[in-house]
Amino acid sequence: MRRLGWIYLIAIFTFIFLPVIVLVLFSFQDSRLPVPPFDGPTLKWYVQVINDRSMMEALRNSAFVAFTSAAIALLLGFLAAQGLSRVILPGSVLMRGLLIAPMTVSYLIIALGLLTVFNNLGIRPSLWATGVGHVVINLPLCFAILFAAMGDHQKNAERAARDLGASELQVVFLISAPMLKPALLAAYFLSVTFSWDEFIIAFLLTRFDVTLPVEIWSMLRSGLSPATNAIGSIVFLVSISLLVLLEITVFRKPKS
Amino acid sequence: MTADVSLKSIQHSFGTFQALKDINLTFDAGEFVVLLGPSGCGKSTLLAILGGFLTPTSGHIKIGGQDMSRVPPKDRPTTTMFQDYALFPHMSLRKNVGFGLQMRGQSKKERNRRADEMLELVGLLDKANHKPHELSGGQRQRVALARALAVSPDVLLLDEPLGALDLKLRRQMQDELKAIQREVGTTFVHVTHDQEEAMSIADKIIVMNQGSVEDVGTAEDVYMRPKTLFSANFMGELNTLPPTQGEPATNTVNCVRPENIGQAGDVSMGQAVLENSAFFGTYHRCHFRSTGNDKTSYIANFPVGTVPQVGQEIPLFASNIITLETDT
Amino acid sequence: MTLEHEERRRAFGFVAPALIWTCAFFLIPFAVMALLSLAHLEGRAIIQSYDLGNYIKIFTEPSFFKSIVVSLEITLTVTVLSVLLAWPLAWIIATQVPPHYQRLAIMLAVLPFWTSYVVRSYAWALVLGQNGVVMQGLIGIGLLDEPIQIMATRTATVIGFVHFFVMLLTLTIYSNLIQLSPNYARAAADLGASGWQTLRHVILPLTLPGIMTGAFLTFVLCIGDYITPQILGGNNELTMPQLIMLQLGRRGDFPMASALSVVLMAIVTLAYAATARWLKMERV
């Protein structure tokens, strides 16, 4: 039984890590094809990618869309969670359902819907259009995380603050936001990651100012190359750094 | 700061459920009022109406002579001390206590001075820089009190503030609460379902049941001379005496508290057998069964050293008989 | 106006911006798309004919209908395989790893989650290709004489998907497992159950909510994904998203793409209804 467990563990971890290891390892490949045998290491593909202007442009675009759309989604989701956790409104269940609904719809359908409407209105595909789509997909996430984090404890503290004379804005900034800091940061970080990594909405709703996943996609069409491994490794490194940063700043608070 | 309160024909419904039915009450300035009743009796609804969290369906509230029925919580001369204290977890005690003054635009220096003064009143000045999670339950309760009093309200509303504490601490906090109320002179309106707590702190007890006021008075009034059977039962244990033979049937009933039954007294209750007894420190709680036709059972508290043997038959007498109308 | 009305008005003010956003950029676009699915293409012009022509075509023409079958087959295979692989991993982490290291272990187990989605599919293309490490490795140790074709087959698509969803399901099942009181296992053991019986009759049924939540997520994300089948599966057989993209790209046939999307959406809704109903039944 015990041995079986170990065999399973080794097999599953190999499965999970195999693509990542291959990706990173062959980004240091010397020859033009990222397949065995490994003949590196070299950093030349990293140099090539970093000097690739359209790639760096796409990286900046992605970062811009990710940070902006995540901020809007967070703000809207936070306000909605605040409102719906405060009192029971007529139609509360319906409103919650509507806000969560985009989470169960595939990104392709959301993208297609927006594309249809934007076409009809004569709005050109752009980074802004992509950002709008990314808010649509991240708003349910932010709302759900924050709504779950607002318990009775939170509600009572807000009520006490109002009783002591705080205005709506003072309640939000002095009580709700500080109390929800971990949930706010987690929701923001997840939203940034999802937007940063999102392909299909960005693919259908941008034309010239593409985002990073779209740029990588077009790179794939010209075949396998260690340069793709290099940019993939960079993206992975950025995500992991953000994750570690979040883990250290938010969730590793001294307990007592 | 203190003010009187008057409630006139207050009614409140949640949908079809009538939570409060025609409440008329007045509290004097500086009085310690306790709203007492079982859960669901409407006492917390009444407190929420006083605090401005609910508008009554009909009726008027006056505080210090001014109509407050439609004034939001933050503009009322009341503050509420919540059941779970609702301390702000990310602020130090000093900031918590000074929060209300900060909202009123007082300078940092001024509000810190006042916060420290309040913390000293509740004996927690040495912990002014601590966060709420570092405190025990009783200490949190004191901070909540200090925070609510720091803005000098005319009326302080306390929503079962001692409910989360264990029994020993609760008794200790009752005494402290009473002492602090005497010192600041503010009108306190305190909600509880614990009749011992009510008796130990209240100047005026208001017994509530099913949305109505059953009884109003001092602890002694409501215990010794309750106005209704509900009130009498809620305030303590009660024995019901069987109707006297031969008298015409009435809608009144005679009751007697366990400590008023003994081997001597005003009225004879006939012979009874002691079935068992238990020692309670200052008295024995004895179960008797009448040997008459009715076989009524009684509970009597006998002083230590005067308890008969189990199975022994003795004559019982009652004093301080309470005559009450039955519900019919 | 009473104080409660005032409270509600304020609360609604907080919810309104998010509702407006969701209506404007989600609900209305979907309605427009549903309406468009009733139109058809003539040359390059879209004619609004309000008929079910596109839907009839989807369910009668084999090339269209097959994509529904392919998508469902792939999605169900992936969901089942992912649950089977993820459950033991989640269980080992939740019960065999010391509590102090569990957070680290679970983060490690889902680390590749954080690679870019496009890049992850590309990485599998590298691994599974004719010259990739798997084939070279198998030939190297003598298990194969020459490489077999995995890339551009359904197998490659399924492997790519399972990789992603094993991580997702490990998370949902793990969070379900750690919420269970250890007293369940103790009570079962106390009543004479063996370790295996406890697992089979007590722990496994208690993790069904986590499994179902994760399985539903897997279903939704898998059936709607374009990248993985496009990169790993190739164009030999098309999934629904691939077919939708084909309609858009080749002819600009928005009405047909919309109709396919509505069908896709309907399938997901059915899956949701089944899951929700099943979960509700379990709870009673």
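A, B and C label the chains in the order they appear, each numbered from 1.
In the analysis below, a residue touches a chain if its C-beta (ideal position, glycine included) is under 8 Å from a C-beta of that chain, and two chains touch if they have at least 3 such contacts.
All of these numbers come straight from a predicted model, not from anything done at the bench.
Asks: Which chain has its C-alpha centroid farthest away from the centroid of subunit B?
Replies: Relative to subunit B, the chain whose C-alpha centre sits farthest away is C.
Asks: Hey, which pair has more contacts between C-betas, A-B or A-C?
Replies: Higher contact count goes to A-C.
Asks: Between subunit B and subunit C, what is the separation of their C-alpha centroids in Å?
Replies: Whole-Å distance between the two chain centres: 57.
Asks: Centroid of subunit A to centroid of subunit B, CA atoms only: how many Å?
Replies: Centre-to-centre distance between subunit A and subunit B: 54 Å.
Asks: How many Å are there between the centre of subunit A and the centre of subunit C, using C-alpha atoms for each centre?
Replies: Whole-Å distance between the two chain centres: 17.
Asks: Taking each residue of subunit C in turn, which ones touch at least two of the other chains?
Replies: Each of 4 in subunit C touches at least two other chains.
Asks: Two-or-more-chain contact residues of subunit B, please, as numbers and ranges.
Replies: 52-53, in rising order.
Asks: Name the residues of subunit A that each touch 2 or more other chains.
Replies: Residues of subunit A never touch two or more of the other chains.
Asks: Taking the complex as given, what residues does subunit C use to touch subunit A?
Replies: 4, 7-8, 10-19, 21-23, 25-30, 32-33, 36, 85, 88-89, 92, 96, 107, 109, 111-112, 114-120, 122-127, 129, 131-133, 136, 163, 166-167, 220-221, 223-227, 231, 241, 244-245, 248, 254, 257-258, 261, 264-265, 268, 272
Asks: State the interface residues of subunit A toward subunit C in the complex, per the touch definition above.
Replies: 5, 8-9, 12-13, 15-20, 22-23, 26, 33-36, 76-77, 79-80, 82-84, 86-87, 89, 95, 98-99, 101-102, 104-110, 112-114, 116-117, 119-120, 132-133, 135-136, 139, 143, 168, 193, 197-200, 204, 212-213, 216-217, 220, 224, 228-229, 231-232, 235-236, 239-240, 243, 247
Asks: Of all residues in subunit C, which touch subunit B in the complex?
Replies: Residue positions touching the partner: 2-4, 6.
Asks: Which residues, counting only subunit B, touch subunit C once they are in their complex?
Replies: 52-55, 70, 72
Asks: Using the touch definition up top, name the residues of subunit B that touch subunit A in the complex.
Replies: 51-53, 73-74, 79-80, 82, 84, 86-90, 99-100, 103-104, 133-134, 147-148, 151
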